[in-house]
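Each of the next two complexes has subunit A plus one more chain, namely subunit B in the first and subunit C in the second.
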Partner chain A sequence: MERLVTEHSRLELGIYHRFLPGPFQLQLDMDGEMIVAGTAKTGFTHRGLEKAITTQKWAASLLYADRLDPESAIFGEYVVCLAVEEIAGIAVPPRARSIRIVLSELARISAHLMYFVRLAKACSAENLMHYALRDREKLLDLFELITGSRFSHNYFRFGGVREDITDGFIERVLDVCSVIEFRLNEYSKIFFNNSIFLKRSVGVGTISRELALGVGLTGPNARASGVFQDLRKDQPYGGYESVTFQIPGGTGCVNGRLNVRVLEILESIKILRQVVEHVPAGEYSAIKSRDAIKVPRGEAYARIESVRGVLGCYVVSSGGDKPERVQFRSPTSVQLGLLSDLLVGMRLEDLPVVLASLDLSLSEADR
Partner chain B sequence: VEKNEIEIKANELLKKSIIEKQKLGRSTTSVLWFENKTIVEAASTLANDEVLQLNSLDFLTAMEAEGAVVLSYFLVSSNRKTLDLVLRTSISQKKHESKKVQMPSVTSVWPEARIFEKELSEVFGIEFVGGRGLS
Partner chain C sequence: MTMTLAFISILIFTLVFYFFVSRKAIADLQARVGPNQFGPSGFFQPIADSLKLNQKRGDFNFRGDSAFWWILFHTFLFSTLTILPLGSAFVVYDSKMSVLIPILLSGLLSMSMLLFGINQGTLFSVLSGLRRTSQSMAGLFPALVALLCAAFRSKGLSWTEMNGCQGFLPLFWTAFSGPFEFLAMIIFILSGLVIFSIYPMDVDRESESTMSGRVLGLYYLAKQYCFFLWSLVTVVIFLGGWQLPELFQGIALLELIYVLGKVFLLMLVIQVIAKANPVPRVDQVTDFSWKVLSPLSLGALIGNCILFYLSAQVG
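Our next item is the complex of A and B:
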């Protein structure tokens, strides 16, 4: 039988496209519906964030760190605080450490709910999209209550946090935990176990363990591929050494990545319940005055487990009133390096679902 | 493996490497300086050593200091999963010179270095040669 041989066609998606997680361009070589090669072009939201931080005083660096990933701003603040506190030798009071953990886990749940929204949108499952957005509002309300803003919180400070938690905050956190736990069962009935969704997600866009290790993948996507790494357990920071939780794993495909996040929300709820009921009394910050921070000459590299994986921050101080050098290690940058391998052999109709399942933050990658 | 043992063992393996007196931050992470031409050899030695198993590059960063670019490689063992060692080297950078400064790529040992080398190439104009870099 004669076989029709055709040339590959080039398909360019983006910079702006409904199914892209942010402004970037995918250049795909197609053999019919099959992707034979793919590259990602990024840099369209580059703001010079790292350079901008070095032009401002130390206290202002947290404002910029907030903008690293607006969806989970707390993690940017947290990692800069850890690096600067290490250089300056600032001991964070136990109360502030607990408050930081509470805010981090709330941010993790909030970002994972947003992940459901994007995945549901990619599958045109609008019911889950609306339900997850509705429930995320409860978390944003908590952020507003404690930090005064729903996004870009500017709440962490070198040596602690800006304000103490208010009366009734702990009860509200526990209430929201119960609601989210209940809602996850609801989502499971309407979406996670839906036969159409399972057909679109099981065995699709699989990242093997070898590929995950090869590109240095971290976070929920790596755990879904069997790389059981979580800095909160492996190299605990800020009080995580005293909480108990499990590291969930998955099957490496779209469905596996979703399941890991569902389980991670439950683990975050477990952490929240352990922490909020035992927030120690005492100071919420080691430094009272915003301008009192003196950072001696030195350097540090801090790492935390952000919602997307290992978020690192390298800070150099020359002893002046501004940072000398700040550079972030963002988990999304690493994930983008995976695309050229992952896309090969994938069918075009799977692309929106696979991209949504990777949870890319272009804001974080472009900086 | 204790932190101090890692420092001593790595210093033994990488001949002519110099231990930086100042630890990174206030942590116990050791910093080892070495000649930039030997980076691939050093990377391979550390990654393949049965005791150290520094087979993962967590981060690669650079900064300008006294007319040179100082590169820092943050190494993690996939078994211990902790940040264990920082390798550091420097390359001189002459101003107003159109030719890019070159540095051997470590992607053959740590494939995850691709994205970090690409970033540093864009920011500092360093050309990482001999590896599987990103375009």
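Our next item is the complex of A and C:
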């Protein structure tokens, strides 16, 4: 029987659209409800962040690094600190290393909770959205307690951290860990195992292992596709060598990516419990004065396991009071690169769910 | 005149009360405060919201014949206000097929949504119209079969017959007179959610995203009215209608309050359950309707036939 052949229609979504996780544009060729081709255009929130850092003194570079991804600002600070400390040969005191791990893992949990919010919103599961936001508040309270701000913390310093942890902080971290563990169980019952959600997420937007390796995908999305790489374990930095945790994996679909994040939260809680119970006594920073930093001529590339994958930072110093060159390698840029392969054959209705499941941060990609 | 004023006042008060209670209940379920600004504890928030929407000009871009279909859609829908079965005094016209009017209406609505979407001329609107129509068509069949299950007991399809075969106590309601009638009620409710695209079967959000201001206000009102209409039909057919104890029978205002109370309680229960679930895709909704609701409704009908046959043999 002869099939009716129709022309493909072009659909342009964005720069702002409720399907999209941030300001970027998707150009889709549609055959009815099905996507036959898709390309992503980015750069709409380009701020010249890397160039701006080079116009400021060394101490201010951490403020700018905060803005790389406002949702998990700690990781931007961390990676710049590691690169500069390598050039300057600064040894970070053990207490500061522990505090950095605590803050990083809290930021990881907080960002993963926000991931649940976005995924729930994409599926119109309002209950989970509000529950996850409520629980994330507890983590933001902790950030406020220790850094003075809920976002854009500006807390890490070359050689350590800005302030020591306050009395009762460790107890509160342990309390929050218990609450989050309990809540994850609750989320599983109301949402993760909901049959409608499973229908919308299992086998949808699958990233194969080959595709993940081909585009250089890292982080939870790569681990969900069977690429078991985690810098915290493969090339430990900043004290991660002394903690034990597992690298979770999953199927490469939306559900797999969600499950990996659920398991990662549990692993982060495991790390937090190991670290906070043995925070070493001593100094919290190797350099006391904010302006005392002297960075000799040299260059370094540091990378860390941020919440979305490998976050790299290349710093060049000419020995002056400002950085010569700073460049980031952000995981979201890589994720955007696989969209043209991933979107083909997908239903239009699945698009918001798949995009939410990728955990894109356009702020990080556009810089 | 006094009766009309009382009717309108009760309807508006119960509507506001329903919106307030449902929003508060859902907010409580979602660990948030809910409406709390306008009126005591935010009681008049629905009025404030509707006023706010209505003072904004809708920047909806009508193209071609879409305005015609838009007007037709709302004319179809709100014409049913004249035949709402809210009590013995409110059934102005009751034919032998009155119960089929909402079913007929849903078919007309889906057609006008399709033509409205096509006339809008954008990909999203065309897809939206097609989704709505396929969804409505999928929901119509199980709804009709479930209605036939109830008609076994009432032996007629008029509002009076449907209501008259039931009693005041839940034990004498059609829904609880047998297992197949109960199943039919569940199928009927779910089919209504599918037909009128009511949350969580509210799979199409594209049409909403193109509206604003008073156009969006009218659209929300139409959706809520569809939900109300279907719940009212469910209450009259399956949940005892306006049957009061003998002492109070025939008192129009009491019947009205009783029916509205049951309708809003049913709507509240559906909303609370719905909010706990994500929204499925349109193909999943139509699949559910054709592959689950339709066979189940046929099973309920056949089961009911067998039961009635056996009871006739024994009796």
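One rule holds for everything that comes next: the second predicted complex is superposed on the first by the 367 of 367 C-alpha atoms of A that agree within 3 Å, B and C clash if a C-alpha of one lies under 4 Å from a C-alpha of the other, contacts with A are read in each partner's own complex, and residues count from 1 in each chain.
To be clear about the criterion, a contact is a pair of C-beta atoms (placed from the backbone, for glycine too) under 8 Å apart; a residue touches a chain by one contact, two chains touch by 3 or more.
Being a predicted model, the structure only gives us computed values, none of them experimental.
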Partner chain(s) touched by A:151 [first = subunit B, second = subunit C, both, neither]: neither
Touched partner set for A:347, first subunit B, second subunit C, both or neither: second
Touched partner set for A:301, first subunit B, second subunit C, both or neither: first
Partner chain in contact with A:194 - subunit B first, subunit C second, else both or neither: second
Subunit B versus subunit C as contact partner of A:44, first or second or both or neither: neither
Partner chain(s) touched by A:127 [first = subunit B, second = subunit C, both, neither]: second
Set intersection of subunit A contacts, subunit C complex versus subunit B complex: none
Residue ranges of subunit C in contact with subunit A within the complex: 29-32, 123-124, 127, 199-200, 202-203, 205, 209, 275-284
Complex contacts: residues of subunit B adjacent to subunit A: 22, 24-27, 29, 56-59, 61, 63, 72, 74, 78, 81-83, 86, 110-112, 114-116, 119, 134-135
Partner subunit C, residues of subunit A touching it in the complex: 9, 11, 18, 30, 32-33, 120, 123-127, 129-131, 134, 190-191, 194, 196-197, 199-200, 347-350
Residue ranges of subunit A touching subunit B (in the complex, touch as defined): 39, 83, 86-87, 89, 213-216, 229, 234-235, 298-303, 310, 312, 314, 316, 324-325, 327, 329, 333-334, 336-337, 340
